[in-house]
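Heads up, the thing below is written out as structure tokens.
Chain nomenclature is as follows: A, B and C, assigned in order of appearance, with residue numbering initiated at 1 for each chain independently.
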Amino acid sequence: MADIFSSMQFLWRGLFVTVEVSLLVICLSLVAGLLLGVVVTYGPLPARLAIRLFSDVIRGIPILVLIFFVYYGLPLTGLNLNNFVSAVMALALFSTAQIIEIARGALQSIHHGQTEAAKAIGLTFAQRLLYVIFPQALRRFLPPWINSVTDVVKGSALVSLVGVVDLMLAIQQVIGRTYVPLPLYLLGALIYFSINYTLSSLSRILEARYAYIRE
Amino acid sequence: MLYHLNFGLIWKNFPKLSWGLVLSLELALISIVIGVIIGLALALLYESRGRVSRTLITLYVEFIRNVPLILLVYLVFYGIPTLVDLRYDATTSFIVTLSVYSGAYLVEIFRTGLAAVPRGLIDAAKAIGLTPLQRLLYVRLPTMFRIVLPSLSNTFISLFKDTSVASVLAVPELTYGAQWINFNTFRIIEVYAIVTPMYLVTGYIILGCLRLFERQFKVR
Amino acid sequence: MPISASNATSAPAHEPGQPVVRIRGLKKSFGQIVVLDGINLDVHRGEVVTIIGPSGGGKTTLLRCINVLEIYDEGSIQIDGVEVGFTDSSGARRKRTESDLAHHRAETGMVFQLFYLFPHLTAAENVMLGLRKVRGFGKAEARAIAERWLDRVGLAAKADSLPSQLSGGQQQRVGIARAVAMEPKVLLLDEITSALDPELVGEVLSVVRKLAEEGMTMMVVTHEMAFAREVSSRVVFIDAGRIVAEGRPEDVFQKQSNERLRSFLARVS
């Protein structure tokens, strides 16, 4: 039992890595996903096709395949990044593809009449996006985006398979030393559950709050 | 940057990939069938039983949906045998895990599906004197299935992709096959250049077949 | 004023000089369908030109070409002498860029059939958006201007209400305030009462009537024939993409020398 307590610190560090990976991926993918989401909604046809191709391919393969491909394949292009960076990149690609779809859905759900009314008073493209489209698209974007954030946290557990010592790998290493798999897996489950359940509750509250704002 | 593409080694070991793909599909299929049984049963229980059952079912659903699949896989394979004197192989363990996993998502799908059955249909069924069980079997379930068919298709495709996690237990599905070839031939680019389209094309074929199937049963 | 059954240029009904809107040979097709087939029209300062005609005849498309919500294929539209959709810089005709178009659109105002108020902004904020971001007014100034215009359309009390809290008639009046607060050279009204419950139509039409009396230059597409008769300087009948008849309201509605005009008026009256 004392073993387990001393291992707590190890698990704590693993949790920290999980949070680190998740936050990095969330920030990177939010920026990239929103940018590409705007382009795929309003951009020229070749760009739209390219982005949709990217998004469909990434979302059509398992996250694990993406992680393995980036981790094992990247060194071959001369880029020798450590496993942490490769894993973050792979997860970020996956999350970006998800956010592109969420953003596209949110932007396209805005009635074209809003764009016309905004054009009619002389607003430029950037002004239309900033003052008319985005404020309305936001409430259609946030709940699904928060869900994608929980997907990132769950997906981060897979980075343990390329040697990143996140919570998942930390748990396994502690099990390797203490031989008590069940309590440790349950503890891990509890931690992941707490994080994600909080997030998904937030998403539900937002959805409920936005629902009463009539069109 | 000296890397010469050599697909020959891939083709030599292609059975690992082709049979892996078959196994992935089997795993997904078995899991969704069991998952549908679990999901349907729990969805019906949810609406007919009291607060205790509903809380338990919600607990199950929320637990599964918020915990990474890989953790569940380890939990079932390594954790449970320490509790119960049960021995099972990796494949069985994964199927159990994925079934329970899919069941949680399917409970939600079936719950909303049942709720989406138009009240008018149920009233009409009552009006012609059908018992609750008959209404369920002949009106509500058939209607619900037509409504949830798109969600079922998407769930199946997701499960198909989730079977890649079985590779951590050395279950010889497609991702495991890819990694095996990767480790034994170092042909990383080639193998994933083959495996990526395999996942994509299979996904699209499943989607296409299910869309055709849906068209047969379209809800007006 | 004789009714012309051809596409001849209309003679000025008000003061001579450059027309505010000058349309020549305007053509627009959607794919195979020709919607505008050679429109020639002048609108002078202070005129109210009402455009009537059967659905699909091109009336709405004409308005939308003027503020370049649609790009026309051939012909020319000039507002105060400046070509709207295209530039003629190096001799070749090129489409204007989006930012150019934004400048032009600030000079025209449009009120839509389905209002298209910005739902996340209050009535005052709807009116203020263009004032602040396009005209460059500060927040306090824009607020004052917006309140003035909302008062003129009879909605001073509703300045801080959201569109969802307003009736259809009230929303449309905010839409009018939003458009005229920009002090456009010409106001384009696209069937602004067609989506309103009958009892709400009157309040909107009285606002338009007031604007007309105050000398606002307007092009109005409408089905409200009584209103057209009462308020217009000129009525234009467009069918199948061409101006089939035009003239003073009494001439168009009473004399009805054109066959298609007659059958159209019989249908809508």
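The working rule: contacts are C-beta pairs under 8 Å (C-beta built on N, C-alpha and C of every residue); 3 or more make two chains touch, one makes a residue touch a chain.
Quick caveat, the model's predicted, so the values are computed rather than measured.
S.K.: Is the chain-to-chain touch network here best called a line, a ring, a star, complete, or other?
M.R.: It is a line, because the chains touch in a row without closing up.
S.K.: Of all the other chains, whose mean CA position lies farthest from subunit C?
M.R.: B
S.K.: Any idea how many Å lie between the Cα centroids of subunit B and subunit C?
M.R.: 56
S.K.: Which whole number of Å gives the spacing of the CA centres of subunit A and subunit C?
M.R.: So the centre of subunit A lies 47 Å away from the centre of subunit C.
S.K.: Between subunit A and subunit B, what's the gap in Å when you average each chain's C-alpha atoms?
M.R.: 22
S.K.: Mind pulling up the subunit C residues that touch subunit A in the complex?
M.R.: 67, 69, 98-99, 101-110, 112, 114, 116-120, 129-130, 133-134, 164, 175, 178-179, 182
S.K.: Which residues of subunit A touch subunit C once you look at their complex with the stated criterion?
M.R.: Touching subunit C from subunit A are residues 111, 113-114, 116-125, 127, 131-132, 135-136, 213-215.
S.K.: Sort out for me which residues of subunit A touch subunit B in the complex.
M.R.: Residues 56-57, 60-65, 68-69, 72-73, 76-78, 150, 153-158, 160-161, 168, 172, 175, 180-182, 185-186, 188-189, 192-193, 195-197, 200.
S.K.: Can you check the complex and tell me which residues of subunit B touch subunit A?
M.R.: Contacts found on subunit B: 1, 3, 62-63, 65-72, 74-75, 78-80, 82-83, 161-165, 167-168, 175, 178-179, 182, 188-189, 192, 195-196, 199-200, 203-204.
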